[in-house]
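These are the structures, in C-alpha coordinates.
First chain A sits with chain B, and in the next complex the same chain sits with chain C.
Then we have the complex of A and B:
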(Lines of atoms letter the chains of each structure in order from A and count residues from 1; the text may use other names and numbers.)
(Lines give C-alpha, C1' and ligand atoms only; values in the text may rest on other atoms or scores of the structure.)
Protein backbone atom coordinates (compact mmCIF):
# COMPACT_ATOMS: atom_id res chain seq x y z
CA UNK A 1 0.00 0.00 0.00
CA UNK A 2 2.92 2.32 0.62
CA UNK A 3 4.01 1.97 -2.98
CA UNK A 4 0.60 2.94 -4.32
CA UNK A 5 0.05 5.73 -1.87
CA UNK A 6 3.18 7.69 -2.71
CA UNK A 7 3.07 6.97 -6.42
CA UNK A 8 1.64 10.36 -7.26
CA UNK A 9 4.64 12.14 -5.75
CA UNK A 10 7.24 10.59 -8.02
CA UNK A 11 8.66 13.18 -10.41
CA UNK A 12 7.08 12.39 -13.76
CA UNK A 13 9.44 11.34 -16.51
CA UNK A 14 8.45 10.36 -20.00
CA UNK A 15 10.87 8.08 -21.86
CA UNK A 16 13.69 9.38 -19.67
CA UNK A 17 12.90 13.03 -20.42
CA UNK A 18 11.86 15.30 -17.58
CA UNK A 19 8.13 15.90 -17.93
CA UNK A 20 8.25 17.69 -14.59
CA UNK A 21 9.86 20.73 -16.23
CA UNK A 22 6.84 21.19 -18.48
CA UNK A 23 4.53 20.77 -15.53
CA UNK A 24 6.43 23.42 -13.58
CA UNK A 25 6.33 25.83 -16.53
CA UNK A 26 2.63 25.22 -17.25
CA UNK A 27 1.11 27.66 -14.70
CA UNK A 28 2.96 30.52 -16.34
CA UNK A 29 0.90 29.88 -19.48
CA UNK A 30 -2.18 30.83 -17.50
CA UNK A 31 -0.79 34.30 -16.82
CA UNK A 32 -0.62 36.10 -20.18
CA UNK A 33 1.60 39.15 -20.37
CA UNK A 34 -0.16 42.47 -20.54
CA UNK A 35 0.45 43.99 -23.95
CA UNK A 36 -2.10 46.73 -24.30
CA UNK A 37 -3.25 49.73 -22.34
CA UNK A 38 -6.62 48.09 -21.68
CA UNK A 39 -6.32 44.32 -21.64
CA UNK A 40 -8.79 41.51 -21.93
CA UNK A 41 -10.76 40.25 -18.98
CA UNK A 42 -8.35 37.58 -17.84
CA UNK A 43 -5.31 39.83 -17.75
CA UNK A 44 -7.25 42.65 -16.11
CA UNK A 45 -8.46 40.28 -13.45
CA UNK A 46 -4.95 39.03 -12.74
CA UNK A 47 -3.65 42.57 -12.71
CA UNK A 48 -6.27 43.51 -10.17
CA UNK A 49 -5.36 40.53 -7.97
CA UNK A 50 -1.68 41.38 -8.14
CA UNK A 51 -2.38 44.99 -7.27
CA UNK A 52 -4.53 43.95 -4.32
CA UNK A 53 -1.98 41.49 -2.99
CA UNK A 54 0.98 43.81 -3.49
CA UNK A 55 -0.74 46.68 -1.73
CA UNK A 56 -1.49 44.39 1.18
CA UNK A 57 1.97 42.90 1.40
CA UNK A 58 4.36 45.64 0.47
CA UNK A 59 2.65 48.34 2.46
CA UNK A 60 4.70 47.71 5.59
CA UNK A 61 8.06 47.99 3.86
CA UNK A 62 10.22 51.02 3.36
CA UNK A 63 11.57 51.89 -0.06
CA UNK A 64 14.45 49.47 0.22
CA UNK A 65 12.16 46.57 1.05
CA UNK A 66 9.77 47.46 -1.74
CA UNK A 67 12.38 46.66 -4.36
CA UNK A 68 11.49 43.05 -3.60
CA UNK A 69 7.90 43.56 -4.75
CA UNK A 70 8.30 41.86 -8.13
CA UNK A 71 10.03 38.86 -6.59
CA UNK A 72 7.41 38.39 -3.89
CA UNK A 73 4.49 38.90 -6.24
CA UNK A 74 5.74 36.35 -8.73
CA UNK A 75 6.45 34.02 -5.81
CA UNK A 76 2.93 34.18 -4.50
CA UNK A 77 1.38 33.80 -7.96
CA UNK A 78 3.64 30.85 -8.73
CA UNK A 79 2.97 28.94 -5.53
CA UNK A 80 -0.72 29.80 -5.58
CA UNK A 81 -1.33 28.66 -9.13
CA UNK A 82 0.80 25.54 -8.68
CA UNK A 83 -1.08 24.52 -5.54
CA UNK A 84 -4.48 25.15 -7.06
CA UNK A 85 -3.66 23.22 -10.22
CA UNK A 86 -2.54 20.35 -8.03
CA UNK A 87 -6.07 19.95 -6.74
CA UNK A 88 -7.18 18.61 -10.10
CA UNK A 89 -7.39 14.80 -10.16
CA UNK A 90 -4.34 12.86 -11.34
CA UNK A 91 -2.20 15.97 -11.57
CA UNK A 92 1.37 16.35 -10.34
CA UNK A 93 2.00 19.15 -7.87
CA UNK A 94 5.57 20.43 -8.04
CA UNK A 95 5.35 22.00 -4.61
CA UNK A 96 5.18 18.56 -3.04
CA UNK A 97 8.80 18.11 -3.99
CA UNK A 98 11.10 19.01 -1.14
CA UNK A 99 13.81 19.81 -3.67
CA UNK A 100 11.85 22.63 -5.23
CA UNK A 101 10.75 24.14 -1.95
CA UNK A 102 14.27 24.07 -0.58
CA UNK A 103 15.42 25.67 -3.81
CA UNK A 104 12.92 28.46 -3.25
CA UNK A 105 13.35 28.90 0.49
CA UNK A 106 17.12 28.89 0.90
CA UNK A 107 18.08 31.50 -1.73
CA UNK A 108 15.31 33.87 -0.74
CA UNK A 109 16.00 33.62 2.97
CA UNK A 110 19.74 33.97 2.38
CA UNK A 111 19.02 37.05 0.30
CA UNK A 112 17.17 38.71 3.14
CA UNK A 113 19.84 37.85 5.70
CA UNK A 114 22.66 39.08 3.48
CA UNK A 115 20.78 42.27 2.69
CA UNK A 116 20.37 42.90 6.40
CA UNK A 117 24.03 42.16 7.08
CA UNK A 118 25.27 44.38 4.30
CA UNK A 119 23.17 47.40 5.04
CA UNK A 120 22.70 47.31 8.79
CA UNK A 121 25.36 45.02 10.18
CA UNK A 122 25.04 45.98 13.82
CA UNK A 123 21.26 45.93 13.83
CA UNK A 124 21.03 42.51 12.24
CA UNK A 125 23.62 41.06 14.60
CA UNK A 126 21.66 42.53 17.48
CA UNK A 127 18.80 40.20 16.62
CA UNK A 128 20.65 37.40 18.30
CA UNK A 129 20.15 38.88 21.73
CA UNK A 130 16.74 40.13 22.83
CA UNK A 131 16.69 43.15 25.03
CA UNK A 132 16.75 42.83 28.77
CA UNK A 133 18.06 39.31 29.20
CA UNK A 134 19.80 38.54 32.49
CA UNK A 135 23.59 38.28 32.07
CA UNK A 136 24.14 34.58 32.90
CA UNK A 137 21.62 33.57 30.21
CA UNK A 138 23.37 35.41 27.37
CA UNK A 139 25.53 32.61 25.87
CA UNK A 140 22.67 30.14 25.82
CA UNK A 141 20.30 32.66 24.33
CA UNK A 142 22.71 33.54 21.52
CA UNK A 143 22.93 29.87 20.65
CA UNK A 144 19.17 29.53 20.69
CA UNK A 145 18.67 32.59 18.52
CA UNK A 146 21.28 31.38 16.04
CA UNK A 147 19.56 28.03 15.76
CA UNK A 148 16.20 29.68 15.29
CA UNK A 149 17.65 31.85 12.53
CA UNK A 150 19.15 28.96 10.61
CA UNK A 151 16.06 26.87 10.94
CA UNK A 152 13.96 29.49 9.11
CA UNK A 153 14.64 28.32 5.52
CA UNK A 154 14.26 24.66 6.42
CA UNK A 155 11.00 25.43 8.18
CA UNK A 156 9.73 27.38 5.17
CA UNK A 157 10.47 24.54 2.79
CA UNK A 158 9.29 21.69 4.97
CA UNK A 159 6.13 23.56 5.94
CA UNK A 160 5.05 23.95 2.34
CA UNK A 161 6.04 20.42 1.34
CA UNK A 162 4.41 18.75 4.30
CA UNK A 163 1.17 20.68 4.08
CA UNK A 164 0.58 20.05 0.39
CA UNK A 165 1.73 16.44 0.54
CA UNK A 166 -0.42 15.68 3.56
CA UNK A 167 -3.47 17.21 1.93
CA UNK A 168 -3.02 15.22 -1.25
CA UNK A 169 -2.42 12.01 0.68
CA UNK A 170 -5.60 12.53 2.65
CA UNK A 171 -7.58 13.06 -0.50
CA UNK A 172 -6.18 9.84 -1.97
CA UNK A 173 -6.91 7.87 1.17
CA UNK A 174 -10.42 9.11 1.70
CA UNK A 175 -11.23 8.72 -1.96
CA UNK A 176 -10.05 5.15 -1.82
CA UNK A 177 -12.06 4.54 1.31
CA UNK A 178 -15.17 5.92 -0.37
CA UNK A 179 -14.75 3.60 -3.32
CA UNK A 180 -14.30 0.64 -1.01
CA UNK A 181 -17.37 1.60 0.98
CA UNK A 182 -19.63 1.95 -2.03
CA UNK A 183 -20.88 -1.60 -1.61
CA UNK A 184 -21.99 -0.64 1.89
CA UNK A 185 -23.98 2.38 0.89
CA UNK A 186 -24.97 3.89 4.22
CA UNK A 187 -21.50 5.10 5.09
CA UNK A 188 -20.73 6.15 1.54
CA UNK A 189 -22.76 9.32 1.70
CA UNK A 190 -21.01 10.36 4.88
CA UNK A 191 -17.57 9.64 3.44
CA UNK A 192 -18.18 11.57 0.24
CA UNK A 193 -19.31 14.46 2.32
CA UNK A 194 -16.06 14.29 4.25
CA UNK A 195 -14.19 14.32 0.95
CA UNK A 196 -16.04 17.40 -0.15
CA UNK A 197 -15.30 19.23 3.06
CA UNK A 198 -11.67 18.16 2.89
CA UNK A 199 -11.32 19.43 -0.64
CA UNK A 200 -12.71 22.78 0.34
CA UNK A 201 -10.36 22.97 3.26
CA UNK A 202 -7.51 21.96 1.01
CA UNK A 203 -8.47 24.80 -1.24
CA UNK A 204 -6.92 26.79 1.46
CA UNK A 205 -3.74 25.72 -0.12
CA UNK A 206 -4.01 29.24 -1.30
CA UNK A 207 -3.71 30.17 2.32
CA UNK A 208 -0.50 28.23 2.26
CA UNK A 209 0.95 30.66 -0.16
CA UNK A 210 -0.12 33.41 2.06
CA UNK A 211 1.69 31.66 4.87
CA UNK A 212 4.77 31.16 2.75
CA UNK A 213 5.11 34.58 1.34
CA UNK A 214 4.04 36.19 4.52
CA UNK A 215 6.64 34.39 6.53
CA UNK A 216 9.28 35.25 4.01
CA UNK A 217 8.08 38.78 4.03
CA UNK A 218 8.22 39.07 7.78
CA UNK A 219 11.74 37.82 7.69
CA UNK A 220 12.67 40.35 5.05
CA UNK A 221 11.02 43.11 6.97
CA UNK A 222 12.80 42.31 10.16
CA UNK A 223 16.16 42.07 8.52
CA UNK A 224 15.88 45.08 6.38
CA UNK A 225 14.13 47.63 8.46
CA UNK A 226 14.39 47.05 12.19
CA UNK B 1 9.16 8.61 0.23
CA UNK B 2 9.76 9.54 -3.40
CA UNK B 3 10.48 13.15 -2.51
CA UNK B 4 13.74 12.08 -0.92
CA UNK B 5 15.11 10.53 -4.09
CA UNK B 6 17.88 12.99 -4.88
CA UNK B 7 18.33 11.95 -8.50
CA UNK B 8 15.54 14.25 -9.64
CA UNK B 9 16.42 17.15 -7.40
CA UNK B 10 18.69 18.98 -9.82
CA UNK B 11 16.11 18.90 -12.59
CA UNK B 12 13.30 20.11 -10.33
CA UNK B 13 15.34 22.98 -8.95
CA UNK B 14 16.50 24.05 -12.38
CA UNK B 15 13.00 24.10 -13.82
CA UNK B 16 11.75 25.99 -10.80
CA UNK B 17 14.51 28.59 -11.21
CA UNK B 18 13.57 29.02 -14.83
CA UNK B 19 9.88 29.40 -14.13
CA UNK B 20 9.96 31.46 -11.02
CA UNK B 21 12.87 33.79 -11.56
CA UNK B 22 12.59 34.33 -15.29
CA UNK B 23 9.23 33.53 -16.82
CA UNK B 24 6.95 34.65 -14.04
CA UNK B 25 8.89 37.81 -13.36
CA UNK B 26 8.90 38.74 -17.02
CA UNK B 27 5.14 38.33 -17.11
CA UNK B 28 4.39 40.20 -13.93
CA UNK B 29 6.79 43.01 -14.79
CA UNK B 30 4.81 43.81 -17.94
CA UNK B 31 1.76 44.84 -15.93
CA UNK B 32 1.23 48.58 -15.88
CA UNK B 33 -0.25 50.09 -12.80
CA UNK B 34 -1.43 53.56 -13.53
CA UNK B 35 -1.94 56.45 -11.22
CA UNK B 36 -5.41 57.80 -10.80
CA UNK B 37 -5.95 61.00 -12.76
CA UNK B 38 -5.21 64.10 -10.75
CA UNK B 39 -6.11 67.69 -11.52
CA UNK B 40 -3.16 69.64 -12.94
CA UNK B 41 -2.63 73.37 -12.59
CA UNK B 42 -4.21 75.44 -15.28
CA UNK B 43 -1.36 77.94 -15.50
CA UNK B 44 -0.08 78.29 -19.01
CA UNK B 45 3.31 76.79 -19.67
CA UNK B 46 5.89 78.67 -21.65
CA UNK B 47 5.87 77.32 -25.17
CA UNK B 48 9.21 77.09 -26.93
CA UNK B 49 9.45 79.03 -30.16
CA UNK B 50 10.79 76.89 -33.02
CA UNK B 51 14.17 78.53 -33.05
CA UNK B 52 14.62 77.87 -29.35
CA UNK B 53 13.98 74.14 -29.50
CA UNK B 54 16.85 73.45 -31.86
CA UNK B 55 20.39 74.32 -31.01
CA UNK B 56 22.30 75.49 -34.01
CA UNK B 57 26.03 75.50 -34.07
CA UNK B 58 26.47 78.99 -35.33
CA UNK B 59 23.97 81.23 -33.79
CA UNK B 60 20.31 81.85 -33.45
CA UNK B 61 19.76 85.01 -35.40
CA UNK B 62 16.42 85.77 -33.85
CA UNK B 63 17.84 85.51 -30.35
CA UNK B 64 20.81 87.80 -30.89
CA UNK B 65 20.55 91.05 -29.11
CA UNK B 66 19.25 93.38 -31.72
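Then we have the complex of A and C:
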Protein backbone atom coordinates (compact mmCIF):
# COMPACT_ATOMS: atom_id res chain seq x y z
CA UNK A 1 0.00 0.00 0.00
CA UNK A 2 2.85 2.36 0.76
CA UNK A 3 4.59 2.27 -2.56
CA UNK A 4 1.68 1.83 -4.91
CA UNK A 5 -0.41 4.61 -3.42
CA UNK A 6 1.75 7.13 -5.23
CA UNK A 7 2.62 4.91 -8.16
CA UNK A 8 -0.16 6.37 -10.28
CA UNK A 9 1.47 9.79 -10.13
CA UNK A 10 4.79 8.72 -11.64
CA UNK A 11 5.35 10.16 -15.10
CA UNK A 12 4.76 7.26 -17.47
CA UNK A 13 7.71 6.15 -19.54
CA UNK A 14 7.95 3.33 -21.98
CA UNK A 15 11.39 1.95 -22.77
CA UNK A 16 12.84 5.25 -21.60
CA UNK A 17 10.66 7.32 -23.94
CA UNK A 18 8.24 9.78 -22.41
CA UNK A 19 4.77 8.39 -22.84
CA UNK A 20 3.39 11.41 -21.01
CA UNK A 21 3.57 13.41 -24.26
CA UNK A 22 1.07 11.06 -25.89
CA UNK A 23 -1.19 11.19 -22.87
CA UNK A 24 -1.16 14.99 -22.89
CA UNK A 25 -2.00 15.06 -26.62
CA UNK A 26 -4.78 12.45 -26.29
CA UNK A 27 -7.65 14.79 -25.20
CA UNK A 28 -7.30 16.71 -28.44
CA UNK A 29 -8.41 13.56 -30.29
CA UNK A 30 -11.79 13.92 -28.63
CA UNK A 31 -12.36 17.43 -30.00
CA UNK A 32 -12.64 17.16 -33.78
CA UNK A 33 -12.78 20.28 -35.93
CA UNK A 34 -15.12 20.92 -38.81
CA UNK A 35 -15.75 23.52 -41.49
CA UNK A 36 -19.42 22.77 -41.98
CA UNK A 37 -22.41 24.74 -40.79
CA UNK A 38 -24.34 21.71 -39.55
CA UNK A 39 -22.16 19.07 -37.89
CA UNK A 40 -22.43 15.70 -36.25
CA UNK A 41 -23.59 15.49 -32.65
CA UNK A 42 -20.15 15.46 -31.06
CA UNK A 43 -19.02 18.66 -32.73
CA UNK A 44 -22.39 20.37 -32.19
CA UNK A 45 -22.23 19.55 -28.50
CA UNK A 46 -18.75 20.97 -28.19
CA UNK A 47 -19.66 24.11 -30.11
CA UNK A 48 -22.60 24.67 -27.76
CA UNK A 49 -20.40 24.23 -24.69
CA UNK A 50 -17.72 26.56 -26.00
CA UNK A 51 -20.23 29.25 -26.96
CA UNK A 52 -21.86 29.07 -23.54
CA UNK A 53 -18.59 29.30 -21.66
CA UNK A 54 -17.03 31.99 -23.84
CA UNK A 55 -20.07 34.27 -23.64
CA UNK A 56 -20.08 33.96 -19.87
CA UNK A 57 -16.38 34.43 -19.41
CA UNK A 58 -15.39 36.97 -22.03
CA UNK A 59 -18.34 39.28 -21.42
CA UNK A 60 -16.54 41.33 -18.80
CA UNK A 61 -13.60 42.25 -21.00
CA UNK A 62 -13.11 45.18 -23.32
CA UNK A 63 -12.00 44.67 -26.91
CA UNK A 64 -8.34 44.42 -25.94
CA UNK A 65 -9.04 41.70 -23.41
CA UNK A 66 -11.23 39.79 -25.82
CA UNK A 67 -8.24 39.03 -28.02
CA UNK A 68 -7.41 36.50 -25.31
CA UNK A 69 -10.61 34.55 -25.95
CA UNK A 70 -8.97 31.73 -27.93
CA UNK A 71 -6.27 31.26 -25.31
CA UNK A 72 -8.69 31.14 -22.38
CA UNK A 73 -11.15 28.83 -24.13
CA UNK A 74 -8.38 26.40 -25.09
CA UNK A 75 -7.16 26.55 -21.50
CA UNK A 76 -10.48 25.68 -19.94
CA UNK A 77 -11.19 22.90 -22.46
CA UNK A 78 -7.73 21.43 -21.93
CA UNK A 79 -7.79 21.47 -18.14
CA UNK A 80 -11.40 20.28 -18.00
CA UNK A 81 -10.89 17.38 -20.39
CA UNK A 82 -7.59 16.34 -18.81
CA UNK A 83 -9.09 16.33 -15.32
CA UNK A 84 -12.17 14.38 -16.43
CA UNK A 85 -10.07 11.81 -18.29
CA UNK A 86 -8.03 11.34 -15.14
CA UNK A 87 -11.10 9.98 -13.39
CA UNK A 88 -11.09 6.89 -15.62
CA UNK A 89 -9.53 3.86 -13.94
CA UNK A 90 -5.76 3.50 -14.13
CA UNK A 91 -5.25 6.67 -16.11
CA UNK A 92 -2.53 9.25 -15.64
CA UNK A 93 -3.57 12.86 -15.08
CA UNK A 94 -0.98 15.35 -16.30
CA UNK A 95 -2.44 18.13 -14.14
CA UNK A 96 -1.28 16.33 -11.00
CA UNK A 97 2.27 17.27 -11.93
CA UNK A 98 3.27 20.61 -10.46
CA UNK A 99 5.72 21.13 -13.30
CA UNK A 100 2.97 21.20 -15.88
CA UNK A 101 0.72 23.50 -13.88
CA UNK A 102 3.55 25.92 -13.25
CA UNK A 103 4.26 25.80 -16.97
CA UNK A 104 0.68 26.86 -17.63
CA UNK A 105 0.30 29.39 -14.84
CA UNK A 106 3.53 31.39 -14.98
CA UNK A 107 3.47 32.37 -18.68
CA UNK A 108 -0.21 33.29 -18.60
CA UNK A 109 0.11 35.38 -15.45
CA UNK A 110 3.30 37.01 -16.72
CA UNK A 111 1.51 37.79 -19.96
CA UNK A 112 -1.26 39.64 -18.17
CA UNK A 113 1.17 41.59 -15.97
CA UNK A 114 3.43 42.58 -18.85
CA UNK A 115 0.41 43.62 -20.95
CA UNK A 116 -0.69 45.83 -18.08
CA UNK A 117 2.74 47.40 -17.66
CA UNK A 118 3.15 48.07 -21.35
CA UNK A 119 -0.25 49.58 -22.03
CA UNK A 120 -1.37 51.21 -18.81
CA UNK A 121 1.84 51.70 -16.83
CA UNK A 122 0.51 54.17 -14.29
CA UNK A 123 -2.65 52.23 -13.60
CA UNK A 124 -0.87 48.89 -13.10
CA UNK A 125 1.65 50.44 -10.77
CA UNK A 126 -1.25 52.03 -8.91
CA UNK A 127 -2.58 48.57 -8.10
CA UNK A 128 0.17 48.25 -5.54
CA UNK A 129 -1.45 50.79 -3.24
CA UNK A 130 -5.16 50.52 -2.40
CA UNK A 131 -7.10 53.75 -2.15
CA UNK A 132 -7.40 55.56 1.15
CA UNK A 133 -4.54 54.01 3.10
CA UNK A 134 -3.16 56.07 5.99
CA UNK A 135 0.28 57.53 5.13
CA UNK A 136 2.43 55.68 7.71
CA UNK A 137 1.20 52.34 6.41
CA UNK A 138 2.22 52.95 2.79
CA UNK A 139 5.66 51.26 2.68
CA UNK A 140 4.44 48.12 4.37
CA UNK A 141 1.36 47.94 2.19
CA UNK A 142 3.38 48.26 -1.01
CA UNK A 143 5.53 45.35 0.12
CA UNK A 144 2.47 43.28 0.93
CA UNK A 145 0.83 44.03 -2.40
CA UNK A 146 4.02 43.12 -4.25
CA UNK A 147 4.19 39.80 -2.46
CA UNK A 148 0.55 39.13 -3.20
CA UNK A 149 1.15 39.87 -6.86
CA UNK A 150 4.09 37.52 -7.14
CA UNK A 151 2.31 34.74 -5.34
CA UNK A 152 -0.50 34.67 -7.92
CA UNK A 153 1.10 32.23 -10.39
CA UNK A 154 2.33 29.93 -7.65
CA UNK A 155 -1.13 29.90 -6.09
CA UNK A 156 -2.75 29.12 -9.46
CA UNK A 157 -0.47 26.15 -10.07
CA UNK A 158 -0.47 24.76 -6.54
CA UNK A 159 -4.25 25.10 -6.23
CA UNK A 160 -4.84 22.97 -9.30
CA UNK A 161 -2.20 20.38 -8.43
CA UNK A 162 -3.27 19.99 -4.83
CA UNK A 163 -6.99 19.70 -5.56
CA UNK A 164 -6.64 17.07 -8.25
CA UNK A 165 -3.95 15.08 -6.47
CA UNK A 166 -5.87 15.10 -3.18
CA UNK A 167 -9.01 13.91 -4.92
CA UNK A 168 -7.22 11.03 -6.62
CA UNK A 169 -5.50 10.01 -3.39
CA UNK A 170 -8.79 10.00 -1.48
CA UNK A 171 -10.41 7.81 -4.11
CA UNK A 172 -7.51 5.34 -3.93
CA UNK A 173 -7.55 5.25 -0.15
CA UNK A 174 -11.30 4.89 0.31
CA UNK A 175 -11.47 2.31 -2.45
CA UNK A 176 -8.75 0.31 -0.75
CA UNK A 177 -10.55 0.62 2.56
CA UNK A 178 -13.80 -0.67 1.05
CA UNK A 179 -12.00 -3.66 -0.38
CA UNK A 180 -10.27 -4.44 2.89
CA UNK A 181 -13.48 -4.05 4.90
CA UNK A 182 -15.46 -6.45 2.76
CA UNK A 183 -14.13 -9.52 4.48
CA UNK A 184 -14.47 -8.00 7.96
CA UNK A 185 -17.92 -6.40 8.08
CA UNK A 186 -20.23 -6.02 5.09
CA UNK A 187 -22.25 -3.08 6.45
CA UNK A 188 -19.13 -1.02 7.00
CA UNK A 189 -18.00 -1.90 3.52
CA UNK A 190 -21.35 -0.73 2.18
CA UNK A 191 -21.06 2.58 4.04
CA UNK A 192 -17.58 3.08 2.71
CA UNK A 193 -18.79 2.25 -0.77
CA UNK A 194 -21.49 4.91 -0.55
CA UNK A 195 -18.82 7.37 0.56
CA UNK A 196 -16.78 6.32 -2.47
CA UNK A 197 -19.70 6.97 -4.83
CA UNK A 198 -20.31 10.42 -3.34
CA UNK A 199 -16.62 11.18 -3.57
CA UNK A 200 -16.55 10.23 -7.23
CA UNK A 201 -19.45 12.56 -7.94
CA UNK A 202 -17.54 15.28 -6.10
CA UNK A 203 -14.47 14.56 -8.15
CA UNK A 204 -16.38 15.02 -11.37
CA UNK A 205 -17.53 18.39 -10.12
CA UNK A 206 -14.06 19.33 -8.89
CA UNK A 207 -12.51 18.43 -12.20
CA UNK A 208 -14.67 20.92 -14.02
CA UNK A 209 -14.67 23.53 -11.31
CA UNK A 210 -10.89 23.64 -11.10
CA UNK A 211 -10.66 24.22 -14.80
CA UNK A 212 -13.16 27.02 -14.46
CA UNK A 213 -11.41 28.61 -11.51
CA UNK A 214 -8.02 28.55 -13.19
CA UNK A 215 -9.35 30.20 -16.29
CA UNK A 216 -11.48 32.66 -14.36
CA UNK A 217 -8.55 33.88 -12.34
CA UNK A 218 -6.38 34.34 -15.40
CA UNK A 219 -9.24 36.24 -16.94
CA UNK A 220 -9.52 38.40 -13.83
CA UNK A 221 -5.84 39.23 -13.87
CA UNK A 222 -6.31 40.13 -17.51
CA UNK A 223 -9.23 42.38 -16.71
CA UNK A 224 -7.18 44.26 -14.19
CA UNK A 225 -4.48 44.82 -16.71
CA UNK A 226 -6.26 45.80 -19.92
CA UNK B 1 0.55 -19.85 -58.90
CA UNK B 2 1.18 -16.41 -60.37
CA UNK B 3 -1.08 -13.58 -59.13
CA UNK B 4 -2.99 -11.63 -61.73
CA UNK B 5 -3.13 -8.45 -59.58
CA UNK B 6 0.31 -7.16 -58.44
CA UNK B 7 1.04 -7.91 -54.78
CA UNK B 8 1.46 -4.28 -53.80
CA UNK B 9 -2.10 -3.25 -54.61
CA UNK B 10 -3.94 -6.06 -52.84
CA UNK B 11 -5.79 -5.49 -49.60
CA UNK B 12 -4.83 -7.55 -46.56
CA UNK B 13 -7.76 -9.96 -46.71
CA UNK B 14 -6.98 -10.82 -50.35
CA UNK B 15 -3.31 -11.68 -49.75
CA UNK B 16 -2.61 -15.38 -49.63
CA UNK B 17 -0.85 -16.73 -46.55
CA UNK B 18 2.38 -17.58 -48.36
CA UNK B 19 2.62 -14.10 -49.79
CA UNK B 20 2.16 -12.44 -46.40
CA UNK B 21 5.83 -11.72 -45.48
CA UNK B 22 6.58 -10.13 -48.85
CA UNK B 23 3.34 -8.12 -48.61
CA UNK B 24 4.34 -6.77 -45.19
CA UNK B 25 7.81 -5.86 -46.44
CA UNK B 26 6.35 -3.96 -49.37
CA UNK B 27 4.35 -1.58 -47.14
CA UNK B 28 5.45 2.04 -46.89
CA UNK B 29 7.47 2.45 -43.70
CA UNK B 30 8.69 5.98 -44.32
CA UNK B 31 7.54 8.59 -41.73
CA UNK B 32 5.05 10.06 -44.15
CA UNK B 33 3.79 6.55 -44.91
CA UNK B 34 3.24 5.81 -41.24
CA UNK B 35 1.58 9.19 -40.73
CA UNK B 36 -0.68 8.42 -43.69
CA UNK B 37 -1.60 5.09 -42.16
CA UNK B 38 -2.57 6.74 -38.86
CA UNK B 39 -4.58 9.38 -40.70
CA UNK B 40 -6.44 6.77 -42.76
CA UNK B 41 -7.18 4.73 -39.65
CA UNK B 42 -8.43 7.80 -37.77
CA UNK B 43 -10.75 8.86 -40.57
CA UNK B 44 -12.01 5.33 -41.03
CA UNK B 45 -13.10 5.20 -37.37
CA UNK B 46 -14.35 8.80 -37.32
CA UNK B 47 -16.50 8.47 -40.41
CA UNK B 48 -17.98 5.18 -39.31
CA UNK B 49 -18.89 5.99 -35.70
CA UNK B 50 -18.81 9.72 -35.02
CA UNK B 51 -19.43 11.65 -38.23
CA UNK B 52 -22.93 10.22 -38.76
CA UNK B 53 -26.33 11.83 -38.58
CA UNK B 54 -27.35 10.26 -35.29
CA UNK B 55 -24.10 9.43 -33.58
CA UNK B 56 -24.46 7.85 -30.18
CA UNK B 57 -22.31 7.71 -27.10
CA UNK B 58 -20.78 4.45 -28.35
CA UNK B 59 -18.39 6.27 -30.68
CA UNK B 60 -16.67 8.13 -27.85
CA UNK B 61 -17.01 5.28 -25.33
CA UNK B 62 -15.06 2.87 -27.51
CA UNK B 63 -12.18 5.34 -27.61
CA UNK B 64 -12.31 5.80 -23.84
CA UNK B 65 -12.45 2.05 -23.27
CA UNK B 66 -9.37 1.61 -25.46
CA UNK B 67 -7.67 4.37 -23.44
CA UNK B 68 -8.47 2.61 -20.15
CA UNK B 69 -7.16 -0.68 -21.56
CA UNK B 70 -3.98 1.03 -22.77
CA UNK B 71 -3.36 2.51 -19.32
CA UNK B 72 -4.05 -0.85 -17.68
CA UNK B 73 -1.44 -2.49 -19.88
CA UNK B 74 0.98 0.31 -19.09
CA UNK B 75 0.62 -0.11 -15.31
CA UNK B 76 0.25 -3.89 -15.22
CA UNK B 77 3.64 -4.27 -13.62
CA UNK B 78 2.53 -2.47 -10.46
CA UNK B 79 -0.99 -3.85 -10.56
CA UNK B 80 -0.04 -7.52 -10.54
CA UNK B 81 1.04 -7.20 -6.92
CA UNK B 82 -2.53 -6.34 -5.95
CA UNK B 83 -4.13 -9.62 -6.94
CA UNK B 84 -6.12 -11.56 -4.35
CA UNK B 85 -3.66 -14.23 -3.35
CA UNK B 86 -2.78 -15.81 -0.08
CA UNK B 87 0.96 -15.41 -0.67
CA UNK B 88 2.30 -12.59 -2.79
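Going forward, the second predicted complex is superposed on the first by the 183 of 226 C-alpha atoms of A that agree within 3 Å, B and C clash if a C-alpha of one lies under 4 Å from a C-alpha of the other, contacts with A are read in each partner's own complex, and residues count from 1 in each chain.
Going forward, a contact is a pair of C-beta atoms (placed from the backbone, for glycine too) under 8 Å apart; a residue touches a chain by one contact, two chains touch by 3 or more.
What you are looking at is a predicted structure, and each value in this text was computed from that prediction instead of being measured.
Engineer: Applying the document's definition of touch, where does A:11 land relative to chain B and chain C: first, second, both, or neither?
Structural biologist: In the superposition, A:11 contacts chain B only.
Engineer: Does the superposition put A:77 against chain B (first), chain C (second), both, or neither?
Structural biologist: first
Engineer: Looking at the overlay, does A:21 come into contact with chain B only (first), chain C only (second), both, or neither?
Structural biologist: first
Engineer: In the superposed arrangement, does A:103 touch chain B (first), chain C (second), both or neither?
Structural biologist: first
Engineer: Would you mind checking which one, chain B or chain C, touches more residues on chain A?
Structural biologist: Counting contacted residues of chain A, the larger count belongs to B.
Engineer: For A:32, decide between first (touching chain B), second (touching chain C), both and neither.
Structural biologist: After superposition on chain A, A:32 lies in contact with both partners, chain B and chain C.
Engineer: State whether A:85 touches chain B only (first), chain C only (second), both chains, or neither.
Structural biologist: After superposing on A, A:85 lies in contact with chain C but is clear of chain B.
Engineer: Just to be sure I follow: which residues of chain A are touched by chain B in one complex and then by chain C in the other one?
Structural biologist: Shared contact residues on chain A (touching chain B in one complex, chain C in the other): 7, 32.
Engineer: List the residues on chain B that touch chain A in their complex, please.
Structural biologist: 1-6, 8-9, 11-20, 23-33
Engineer: Considering the complex alone, what residue numbers of chain A touch chain C?
Structural biologist: 4, 7-8, 12, 14, 19, 26, 29-30, 32, 40-42, 85, 88-92
Engineer: Could you pull out which chain A residues touch chain B in their complex?
Structural biologist: Within the complex, chain A contacts chain B at residues 6-7, 9-11, 13, 18, 20-21, 24-25, 27-28, 31-35, 37, 46-47, 50-51, 70-71, 73-75, 77-78, 94, 96-100, 102-104, 161, 165.
Engineer: Okay, in this complex, where on chain C does chain A touch?
Structural biologist: Going through chain C, the ones touching chain A are 42, 46, 50-55, 59-60, 63-64, 67-68, 71-72, 74-75, 78-79, 81-82.
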